[in-house]
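Chain IDs A, B, C and D follow the sequence of writing; residue 1 opens each chain.
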Amino acid sequence: MLESKLKTSRSYKNKDTIINVRDTKIGGSHFAFIAGPCAIENQDQYYTTAKSVISCGANIIRGSVFKPRTNPHSFQGLGRSGLKLIKDLSEDLDVVVETEVMDPRDVKITSKYVDILRVGTRNMQNYDLLKELSKINNPIILKRGMCATIDEWLQSAEYLMFNGNENIILCERGIRTFETELRNTLDLGVITILKSKTHLPIIIDPSHATGKRELVLPMSKASIVSGANGLMIEVHNCPNKALCDGKQSLTLDDFEHLSKKIKPLLDYENKTI
Amino acid sequence: MLESKLKTSRSYKNKDTIINVRDTKIGGSHFAFIAGPCAIENQDQYYTTAKSVISCGANIIRGSVFKPRTNPHSFQGLGRSGLKLIKDLSEDLDVVVETEVMDPRDVKITSKYVDILRVGTRNMQNYDLLKELSKINNPIILKRGMCATIDEWLQSAEYLMFNGNENIILCERGIRTFETELRNTLDLGVITILKSKTHLPIIIDPSHATGKRELVLPMSKASIVSGANGLMIEVHNCPNKALCDGKQSLTLDDFEHLSKKIKPLLDYENKTI
Amino acid sequence: MLESKLKTSRSYKNKDTIINVRDTKIGGSHFAFIAGPCAIENQDQYYTTAKSVISCGANIIRGSVFKPRTNPHSFQGLGRSGLKLIKDLSEDLDVVVETEVMDPRDVKITSKYVDILRVGTRNMQNYDLLKELSKINNPIILKRGMCATIDEWLQSAEYLMFNGNENIILCERGIRTFETELRNTLDLGVITILKSKTHLPIIIDPSHATGKRELVLPMSKASIVSGANGLMIEVHNCPNKALCDGKQSLTLDDFEHLSKKIKPLLDYENKTI
Amino acid sequence: MLESKLKTSRSYKNKDTIINVRDTKIGGSHFAFIAGPCAIENQDQYYTTAKSVISCGANIIRGSVFKPRTNPHSFQGLGRSGLKLIKDLSEDLDVVVETEVMDPRDVKITSKYVDILRVGTRNMQNYDLLKELSKINNPIILKRGMCATIDEWLQSAEYLMFNGNENIILCERGIRTFETELRNTLDLGVITILKSKTHLPIIIDPSHATGKRELVLPMSKASIVSGANGLMIEVHNCPNKALCDGKQSLTLDDFEHLSKKIKPLLDYENKTI
C-alpha cells in the first residue's frame, strides 16, 4: 500500500504524537521515565521498588504479571491475580502503571486495570494479539522483535493503529547479532531513522538490550542524547533474589544514581520528565 | 532444570519418535511429504492443488486459513470458515491435512477439524498459544523462530509436551542473517545437531527458507541427504495469481518434477513416503 | 559499473568455466575432491594423509603452511620452508596440490611451488593480496568472507580476474550468524544463486563451515546434490594430535567412508572426479 | 593461553593506557577528535578540509591514500605518492595525522611519513599486516572487523603488541547485522565491555558505522556519554563531489555544528580534547 496511507508515517501525520495518560505526557519534549521490577513477585517487592523509583523521578511504573519465559518450568508470573495489585498501586501511589500482555484473552481485562499495555519482543508479530489490542484505547508500548527490521516493526504498529488508537509507543530493546558478550546489541541509530519515518514516540529498554547491570547507565545516557523519548529500566529492591532477570536489574541505589546522572543530559536535550 | 528431565531430550527417550496420524507415519524411516498452497484461497484452488500433489506422492496436505501477514492490509486468510473446507478435503480425498493456528482461542476448534496443527515462525515463543496446544493430542509442527537458537526451539517444544503430547515435529525454515539475496538462510546443519539432542522428527520447509521457486528443488534434495524426516513444500495451481507467496510456490508441474527427482535420494537414505 | 562488463558474470561468459590444472579438471561435470590436513605439520603427517585420501579418490591435496591464527601465540605454520614439501609431494605422488597464501610477498614464490593458491576467509577483502594474485596464472580458490554478501564475494573474484586470470574457484565455507551451536552456518542456497550469476565453479568446505567432524559427511552429501562442483575436506592421520582444527578433521577411516557414501550422489548428479 | 599473560588485558596492565604522539594525548581523559576526508583526493581538498576541522577543534587529521574498495574499478587512492602530501600537511599545519595501511610492504615507509597508522575493518585479521605493524613504534588504530567478536578483536590487538608496541587504539565502526536501513549497526555497549577487559583507548567511527550523514551527530553524542576516548569523523569540503563515501561525510558546516554540540558532553564526561 502507499506509504502516505500508513497511519504510522510522517506523511500521514507530520507532528510528533504526544500521548497523555492521566496527565503524564509521553512524546515530543515529554520524557517517559519508566522503572520497576521485571516481574511483580509480591506486594512488598512491588511497592518498595515503586516508591523508591518514584522518589527518584520515575513517572511510570513497570512490572509484569504475565511472563514470557523461554523455559516452561520457570516462574510464569502472578497472572490475572496480579492485575489488582497493579491497579491498587496505581491508586495508592497516584502513578501511571504499565504491564505486558501476551494472550488476546487477557487484553480486555488488563486494559481495565492497567494504564499502558506492553507487547513484548516475542509477540511483536503475534497478530491476533495486535488485533485485539487495536480495539482498546489504552496507550501501547510495542517492543521491537529481536530480529525485526524497522519496516516490520512499523507494520506491527500499523496493526495496533488499525482501528484508530494512535497512542503507540515504540520500544527498542536490542537486536540479536553474532556478538554474544551482551544479551543483545542495542541499536541506537534506529531512533534517528524512526524519527524521519514516524510521528510515534520511541523509548529504549537498556536492561533487556544488554542483560548486564553495568551497561544500564551508559546505555541510558546514550539513549537520551540519541533522541529517545523515554527509558524503561528494570529495578529490583533485592536483585540477587529476583525471580527473573536479576543480573540486569538495578538496585534502588543504582537507580537513584542513574536518575541524578541523566538529569543534565535531559536538560541538554530539552526534555522534561 | 536437568537436561535428563527434558521431554524433548534423547536422555528422556532414546528411540526416535514415530508419529502415527490416521495410518500416515512420520519419523524414523517414514518420510513426511507435505505439500499444498501457502493460503487456502477457495475450494477449487485447494482441491486442484491437493489432488495433483497427492497423485505425485504427497502424503499430507498443507494449507493455511489463518495467515500471519506482516502488513495489516494484506489478505488475512479465510479464517474459521475455512476449517470446514479442510475437513471436507481430508475426507473427500482421504488424506492427512495440516494448517497453521495463531490464536489460542482457535486451538480447540481447529483441533477438531484438522489432523495436524502448525505453529509458525512468528509464534514459536507465543507461550499462551503453546500452552493451549499442549492440552490437545493432535500432532503439532513447530517451526523454528527466524532468529531462534536450537536451545530456544527445543524449549518451545518442551512447552508443547508439557501435558504429555509427544507428537511434536520440528520444522526448520531458514534463519535471518545479513545475506539478503535469499529471504532466509537455510540451516541444514541443524538436523544432525537436533538428531543428537532429541528424539523428535525434523522436517524442512525449503519454500519459506529461500523465498525463491528455483531454490526449492536443490534445497529439498539437500534436506533429504542431510537426514530430514520430511519436507513441507508450497505448491499452487497458478502461482502467478496466488494471494500470497507466489514467488516461492511451485507449479503443479514443478512439483511433479521434484517428486521424481527426490525418489532416488529417499531410496539412498532408506526413507519411504 | 555495468554487470555485463564484470568478468565473473554470465553475461560476460555464459558457458561454465572448466579449469584444467595438470590434467585435473574442475568445473562443469568435473568434480574437485580436495582433501588433506588443515596445516602441514611434518613430512610424515602430510604424506600419510595424502596417500590415504588419494587411495580413496581425492584428486587434489590441501594443506597450509601459512596459517591465519586468531591467537598470535598459536602454531603459525611451517612457513616458506614448507613450500618445498608441498612441491615434493606433488611430484612424488603425481597429484595436484593447493595451499593458502596470506601475504602479497609470498604470492610469487608460492605460485612456483604449488598448483593452486587459496585465499582464506579472513583475506577475502585483502585487496593488495588479491591484486598480487591477479598477476599470476595459477588457479585460485577464493573463500567467502565470514560475513560477506554474494555481491562482495564476486567483486573480490573480479579483482583476481582483473589481469586476465580466469581460473577462479569460489569456496563457500559457512557464514557467521547468531547460532553458536556450530562454528558457522553453511549457506547451500548460495550455489544456485551463484550458478545464475557466474560461470565460475563453486566448491564447499564442510569442515570449516561446521567445525564438527560429525557434520562433515551430511553436509558433503548435501553440497553435492545442491550442485557443488567440489568439496574441500580436512583429514588428519591422527586428529587428536592435530596442531589445529582437530575437532573438525576426519580420520583416514572417516574419509574412506565418506568417499564411498558420496559416490552414488556424484553419479546421480552426473559428476565425475 | 592465560588471560593474565595477554598484553591487552587489565590484569597485565591495570591503568588506562595514555598514548602521547607529538604532545597530543589519547586515552584516559584525553579525547581524540579525529576528522578529515575519507580519501585524500588532492592537495586542495585535503588542506581545505583539514584547516577547517582544526579550527573547530579537531586534533588529529584523518585521510586515506591506500583505499580498500569493494569494486576493483573504483578509485583506489593516491597510493604512496600521497604519503608526502600527508607529511607536508602535518608539518605545515603542525597537526597529528593518520592514514590507513593495507599492504605489509607499505608499513615501513608509511610509518616514516605518518604519525598514526590505521588498520581497516577488512584487515583486522590480516595477520601478516599485523605482524609487520608490530615491528614499528607508531600508534596504531585497529578497527573492528565487521563481524568480529570482542575476543577476536582483542587477539588482533595482541598481534600488534607482540613486540612491545603498546600504543594501540581500538576503533568500533559498526557490525554487520540483518538490519539494512543503515550500513552497519553501531555497537556502543562494546565500550563498557572493553573498558573492563583492556587498558587500551577506544574510539568510535560514527561515519562508517551508519553510512548516513544525519546519523553522525546523534551517534557522536551517544559515543561520548558511552565512555568513548575519541571520535573519527569523515568530513569533506564538498561531499557531493567526493570520490568515495560522500553520503556519510559531513560538510565543513556540519562539522562545525557538531564540534559545538559535543562540547557540553565532553565537559559532562570530564574529557578534554
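Here is the rule we go by: a residue touches a chain if its C-beta (ideal position, glycine included) is under 8 Å from a C-beta of that chain, and two chains touch if they have at least 3 such contacts.
Nothing here was measured: the structure is a model prediction, and the numbers come from that model.
J.: Just to confirm, which listed pair, A-B, A-D or B-D, duplicates the contacts seen in C-D for more than half of them?
T.: So the equivalent interface, with over half the same contact pairs, is A-B.
J.: Tell me which of A-C and A-B has more C-beta pairs in contact.
T.: Comparing A-C with A-B, the pair joined by more C-beta contacts is A-B.
J.: Taking the mean of the CA coordinates per chain, how far is chain A from chain B in Å?
T.: 34
J.: Please report how many Å separate the Cα centroid of chain A from that of chain C, as a whole number.
T.: Inter-chain centre distance comes to 49 Å.
J.: I need the residues of chain D touching at least two other chains; which ones are they?
T.: 147, 176-178, 180
J.: Given the complex with chain B, which residues does chain C contribute to the contact?
T.: Residues 147, 149-151, 175, 177-182, 185-193, 196, 209-210, 214-215, 218-219, 221-227, 264-265, 268.
J.: Which residues, counting only chain A, touch chain C once they are in their complex?
T.: Those in contact with chain C are residues 147, 176-178, 180.
J.: If we count contacts the way the header does, which residues on chain B are in touch with chain A in the complex?
T.: Residues in contact with chain A: 1, 68-73, 102-105, 122-123, 125-130, 146-147, 152, 155-156, 158-159, 162, 176.
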